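Labels for the chains are A, B and C, by order of writing; each one numbers its residues from 1.
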């Protein structure tokens, strides 16, 4: 299933945050959206997933999601959004409980995603007992449980320290290698974008417009930090963003 | 000329004030400040009369009223020394305080006597229509009282005793306030109520309840008494005596005028006006006067005390286990100020 | 010495010494034994004062007298009559009041119409002392159990409403959004996200409403009550029986302690995830 954004514009009261966004998300690709803070990256993600309605333009789902898919557009949030009163297992179970699944089928799915994210031994643990990285792994496992057609990842690693971030990126690369999932990945971190994105969309400062789309052809599993080509890409992206970021930084919040 | 007159006037003013000051000074020296705990009821009228007519001043007493909403706090205030004298009904709480040696009964005030205006036995219209028309039908019926241990509780007990049935067969409904009992009686939530005449007559005349009897038909009853602290009787016996003399004159005036209101209508009117300063003061006189007049109950002449009845009340409360049994009537009455009668052996 | 200018040469080096510790204090430690000890000490002083006559019998009965009154109550079998009467009223009034409070609080938290319509009403009625409404309750609910239960009901209803909708308001909107993003039904979001999220606030509301209900017990039992801890205290007051009064107060406060203990236990059980 592909996603098509056509001429998306959006404002909050008088403040226009997005303007004329046209974008395709192709199946099996990770599309990273980067941009200076306040450029409407997260808003765009909420529009894609139907948590908000765009003032103008539409988001189209092109093609049917696979039959086993329970929740075609599934988010992974920056703050994990785990229910603190449910164990790891029950947090995943939460998103399956409204679907007509037998308890056995549900248990199978849970066991499966826990195994795939290497969380099996943390099944009965409450979120407060987990580190940030582990919490985000649980959130990813939860997202995988509903077999999404597209994962909408809203700065999933921003709340983590840099070492944990590295580890999680490795896990995501691994996962993609195995499952070829489709994702829209919002981040403000360029090296994250370059590590994970098949295509990187650079947004301008508010109101956010697409100012550049950069494709990276290097396979994900070959993108280590020492790769000079990637360093070059980061440098190019930074040049694109530098002036926008500086201008955005000097803007008054919400006027 | 004008100047001279002014000067003369000025001089006499000075002389006058000086005289007044001296007079005030001597009075202040002689008159002892005494606090009387009072409730705004017609049964307290003797104190108001004695005060207004200057009987206390005549005895060298500078009387101050301390007004209370309920009888119980008066006894407490006397025990704690905040008030010197009180006039209230005898209750379980009163006896317990007196039993601890804090209070002494020194005279009688309101006494229920056969044929004299007094407390009426009322039943609700609902109960009346259902056949509750005589006092001997009390078993199984409910009666509104303020609190367990109150005089209302005791009166209900007396009716049971006089009619020879088990007190447990009357359902007591403690409702704390007379107003609440009246409300419950009107709406038929309690079947009966025994209450002072000024309230009873108002209810019966308004058709809100029916009277089925008089309390005095079942027993003479020393309803209220004058009391003071044991400390006062011991250390200020003379003052207590003077207080009782003044109060007694108020009682005499009240009996002469209010217990025979038709004899001298002008005097009745004047006394009702005097009492109205203290009782129902917030109501216009025309509305208050009938209640005051109908509330004129029998006060003990000369504050004589029905010791036998006080003894009977104490024993009843003790039998009900509401009052500790470690003392008798002799411990709580001081008969050195008024005539006592019906003295138990 | 002070007149001497500092030597131009390097000043004498002080001998090395450890960095002084400055981080002490401001760190309350649990001292479990102190609380009971103070309690026992106070009662001991009180008893001593009564025994030696420093505290007059008229002003305050000795703790031993209060204990004797309690024992007498126990021996006579009336203790259970009073306790069961009061506990029944508490159970009825408080549980119905809390239940209704949670439902109304939840609807205020969830529906804009309910919020706009009910919050002003609740704010207007909450501060009214329920004792002041007692005469009305008597007319509406009679002098039987009705008016007593109603007093406790209204006493516990309003704080629960306020605690509940406060709790619902405080539920992390991110969690609700998460629920929506996974296509959870409205009922699932309320049951599995909003309610558990508001539970800590609801439980602390219960703590307050239970205390209010116990406070109101005395007021509720002013009307036509033969039995009940409140009625017992009122009678003791009427009779100036201070030993019984203190005994009744001890009963009330132990009821408060037991209720607090039970709610604490419920909190530990239901909010296990918080620790």
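We take it that a residue touches a chain if its C-beta (ideal position, glycine included) is under 8 Å from a C-beta of that chain, and two chains touch if they have at least 3 such contacts.
Being a predicted model, the structure only gives us computed values, none of them experimental.
Averaging Cα coordinates per chain and for the whole protein, the chain whose average falls nearest the overall one is C. In this assembly, the chain whose C-alpha centre lies farthest from subunit A is B. The distance from the centre of subunit B to the centre of subunit C, each centre being the mean of the chain's C-alpha atoms, comes to 43 Å.
Mean C-alpha positions place subunit A and subunit C at a centre distance of 46 Å.
Centroids of subunit A and subunit B (each the mean of its C-alpha atoms) stand 87 Å apart. Residues of subunit B that touch subunit C in their complex: 72, 75-76, 79, 91-94, 96-97, 100, 102, 147-150, 172-176, 179-180, 183-184, 187, 189-190, 322-324.
Residue ranges on subunit C touching subunit A, taken from their complex, read 172, 174-175, 177-185, 188, 192-193, 196-197, 199, 271-275. If you check the complex, the residues on subunit C that touch subunit B are 57-58, 135, 138-139, 142-143, 222-226, 231, 234-235, 237-241. Put simply, subunit A touches subunit C in their complex at residues 49, 51, 71, 73-75, 77, 79, 81, 83-86, 94-95, 97-98, 126-128, 146.
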